[in-house]
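Here subunit A shows up in two complexes: once beside subunit B, once beside subunit C.
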Partner chain A sequence: MSEEYKREHVFGIDYGTSDFKYGPIALGETPEVVENRGYFVDKDSLMSKLMDVRREVVVGKELPLFLESRKSLAERMVYPMRNGVIEKDDWRAWRVVEELTKYALNSFAPTNEEFDGFYLVASISMVAPRYMYEKLFEIFKKMNYEKTLVKAATIIPQPLAVAIAHKIPTCVVVESGHGNSQICPISMYPIRDAVLALNRGGSSANILMAEILKDAGYGDLAKEESLVRRVKEELGLLPRDLDSAIDYAKANPEKVHARLKIPGTRIVVDLGEHSWTRFLVGEYVFDPNHEIFQSYFTRGMPKPSDIKIGDTFFYGMMDMAEAIIESVEKCPIELQPHLYSKILLSGGNFSWKVPEGLKGVAVTSDLKLTSMLHEKGIENVEVKITEEPRFSVWRGCIVYGYAVPVDYEWNWNRMEGWLYLA
Partner chain B sequence: MHRRLKPEDLVAAIYEEEGFYEVERKEEGILGASSRIILSDGRRELAVNILDEDALMIHGAIHDALLQAEKLKEKYSGVAIAIPRRFKRAVDEGVLSMHDLGLIVYDMMGAEEVVPPKFAERIEAMEDSGAAIEEKLVNIEEIVKIRSDIGRILRILEELEARLDRLERAQRSLEIRMNRIEQRSSRVEVKVRETPRIRDQARSGSKKLPSYLVDNPWIDILSRRE
Partner chain C sequence: MNDPINKLRLVCKLRGRAEVRDEELLSNFLSENWKVNGRIAELDGSTVKLLSLNPSRDEFMLTLNLKKPEHLENLVKSIARECWYIDIYYNFRGDEARRVAETLRIGFEERGVFELRLSGARLKVSAYPSFKALTVSYRVGWAEVSKNIVLKVHKKLCGAPKSSILSKMMGWRR
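Our next item is the complex of A and B:
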């Protein structure tokens, strides 16, 4: 198979925690995006009989058409990659992954006779255990049962894809997703031994936001996860220094006052005198060790705990800067300054806004982390938030597939290369 | 790997069951035969003159063989001649039997004793002498030792043959692997030639390529993976 053919038929898939990004190289700058979820249809329901639904799982853009009651939503909707790791025997999650993969490949498979399958580059979490790779390759192989969709496949960790998309060969990629955050140093290859994971992500900030909403009198709204997430994204702030920010908020309540109207509804969220708590949301993601969070823990909010998923240990309470330092210090000393000089922040969890009147008090993620690292004595730090973080993993997949030679075959020791399936 | 058995081996094999083992083999300079083997069971010695097809093409070869065999009777307890099976009709079995000569026929499949040789009781004369008996016992002990040595050598030979088989298999597998590697290295050469094209394309800022591919140092790094 020629390099020419491969370059024209590279197909990228990013199995993100929330969104599933996919598409061939021909799409150019942006991939197709659907939510990374699947709905198990109740075949006995009247609706599915009327619509003649024969599929077990529905994925993709037409999914909302099949939804039933809110109760069944919780039972039948599966988000397979919420934590980046799928349990080995979670057959429902694997079914959704299989269906999404088939959906993606069939959406773009050419019908001409010359087509002999895509060169598929899939990207999954850095902390994904080996069985996930094996299971995914099994799924890719299944794709060829009816017609050849996958000529060869490879799987790369998401942080590597981010580094590739941003054209930086030596860096530290900090990927913060829904359920957790991963710190991965990269120097031409991902340095797997130095990977460090935190059991905190977007969902942790959502939990705190829900507690804040309860305190502000919106206990009913706090149960709606999507609404809580929206309030967090609109009102949550990341302080440069939490104590100073709280002092500032208490001295200048009008400047920090937060009010949000949810478009298309009658709902208005006004944090009122609790507006200072906006700073807690961002701080919690970066450092949950401030004493102020203790009051939430004692009132029943779950404390991020140390857990082990697959082969990886996820730290609950380690602050973000400490985690980066610990990870970098597992690398050769000569390499460490180069790693600190390029820290890439990837994922929606780093998109904190700075309102006009709060500059200096509230900061963006790159400034916050730079400041935290300086406090810990790390100089010459350059922290950068990735551009278009939503698509960077998919772009990295395309570059990887485009450049890696066709005869570089998959090897389980180095976890790289093409596995030929057709 | 199996080596093809010689007529001498085939003939020796039919007497092995009777307790005879080969003590001597001559393949050159034999009058009236192509080769000769001497078999012994410790008490008696049997001489077998073996004629191959080439030898039998000579006119009067059978007669010559019989006359030479007759002479051997003085020296050995029993004498036989072995001929290829398809020449069996050329020999009168009754005459051979009358002269106490044995007849063996052989082909690719094995050997067959058509007329058993008659053994002369030559050892009786020696029984009178105690020294002779002792000498004979010594000989028997030696022979038993030689037999066990031969058995051991045969086992070693079998092991060596098995090892040779394994080595040949390993050699074949290595040859296949070498061929693959050679093919691969030719593909690598092709790739080395193609790599600059990939890089050039990515560097040229071609309108076809998305922005993240243009001037991306990873193209160079990844295209060198091997």
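Our next item is the complex of A and C:
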């Protein structure tokens, strides 16, 4: 198989904790995105039989068409990569991964006879254990039962994909997705011993946003996760300094007043006098230790806890700057200044907007982290948000697939190369 | 002509191995009017970025964000002498994809791969209508570059659409 064939048929998949980004090299800079979830249809129901619904799991853009009651949503909807790791025997999660992978590859498989499968580059969490690699390869192999979809496959950790996309061999990649955040120093290869994970991501901010909505009188809406996420993305702010931002908001209520109309519905969310709480949403992701969050914890909002998944410990309450410092300090001293001088922020959880009129009070993620690191005495810091942070992993997959030669076969010791499946 | 024109990707197959460091590659190839800064070069708002060099260092991939079509020609002419060939990839999305499909007179109802000729170039067109995406690629060597085929193809693909009867009647102009 020639390099030229591979170049035309590289296919990237980023198994994010919330979104599933996928597409061939032909898509240029922007992948397709669907939510990383699957819905198990009640096949025994009369309606399913009447409507001739044959599928066990529904994924992709048409998923909302199959949803039933809110109660069944909780029972039947599966988000397989919620924390980046799937338990070995969680068959429902693996089933969703299989269905999503097939959906992605089938969507773009060329119809011409020349097509002999994609060169698939998949990216998963840095903390994913080896059995996840094995299981994924098994799934990719299964893809070829009906027709050849995967010629060869390889799997890379998400932070490495980000570093590859930016061609920065020495850096710290902070990848913050929906379920968690991974801090990974890289010096040519990821320094696995120094990887640190936080049990906080976009979903933590969603939980807080839901509490804020309840306080503002939208308790009914707070149960709809996708709506809460939307409100967070549109109204949530990241303060430079939380105390000063709250003071500013209380002194200038009209400037921070937040109102959002949900298109296609009659729903309007108006935070009114609670608009100052917009600043809490961003702060919570970066540092949940401010005393103001105690009132939410006291009222029952779950505190991000320390948990162990597989061999990895996920810290709940450690602030993000502290986590970066702890991770970097596990690396050789000589390397540390180089790591601080290139910190790359990737993942949708770093896309905080700064509205016109709130500049200086609200900031972007890079400025927030720079200031947090300065406060902790780290100098010569350069923090950069990746271009289109949501897509940088997928872009890295494409660049990696392009660069790895066709004859470089998968090696389980180095965890790199192509595993031929067809 | 639409502004900005489009994002393109170029894959350049070198005659030999690149003996310089990645960061020096662009300055080696581009003409002096490009302002080169490591992996990125800029000319009057157009930017070119070195995305990757393959491990055998005889092929590299560039992404372009063009402001003027002439910059593409300038770039390709600068590089072509050192290359066996250059593959040029266009990625169109949304309405642009539909417009280009119309320009090329290919159906945009079903997924498919089409081959056709345009201004002396053999185009390969991949259509993904359900994602409103269309990829057009073609290969040029020095012979095609010297005949200005790159600019001609580019103008046909990215030029403003011909006016419809209705727009002529109503006097709409872009």
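One rule holds in what follows: the second predicted complex is superposed on the first by the 395 of 422 C-alpha atoms of A that agree within 3 Å, B and C clash if a C-alpha of one lies under 4 Å from a C-alpha of the other, contacts with A are read in each partner's own complex, and residues count from 1 in each chain.
One rule holds for everything that comes next: a residue touches a chain if its C-beta (ideal position, glycine included) is under 8 Å from a C-beta of that chain, and two chains touch if they have at least 3 such contacts.
Everything quoted here is computed from the prediction, not taken from an experiment.
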Clash-or-fit label for the pair subunit B, subunit C on subunit A: clash
Subunit B versus subunit C as contact partner of A:Pro129, first or second or both or neither: neither
Which superposed partner A:Glu3 touches (first subunit B, second subunit C, both, neither): both
Touching partner for A:Lys167 - first (subunit B), second (subunit C), both, neither: both
Touched partner set for A:Gly417, first subunit B, second subunit C, both or neither: first
First, second, both or neither for A:Glu32, with subunit B first and subunit C second: second
Contacts of A:Met188 with subunit B and subunit C, given as first, second, both or neither: first
Which superposed partner A:Ser107 touches (first subunit B, second subunit C, both, neither): second
Touched partner set for A:Pro405, first subunit B, second subunit C, both or neither: both
Part of subunit B, among the options 44-52, 98-106, 170-178 or 206-214, whose backbone runs into subunit C after overlay: 206-214
Residues of subunit A contacting subunit B in one complex and subunit C in the other: 3, 7, 28-29, 167, 399, 402-405, 408
Subunit B - residues contacting subunit A, complex: 184, 187-188, 191, 194-195, 198, 210-213, 215-223, 225-226
Complex interface listing, subunit C residues touching subunit A: 7, 9, 11, 22, 39, 50-56, 59, 61, 63, 89, 91, 93, 111-113, 126, 128, 130-131, 133, 135
Complex contact set, residues of subunit A against subunit C: 3, 7, 23, 26-30, 32, 107-108, 110-112, 167, 399, 402-405, 408
Subunit A to subunit B touching residues, read off their complex: 3, 7, 25, 28-29, 163-165, 167, 169, 188, 395-396, 398-400, 402-408, 416-417
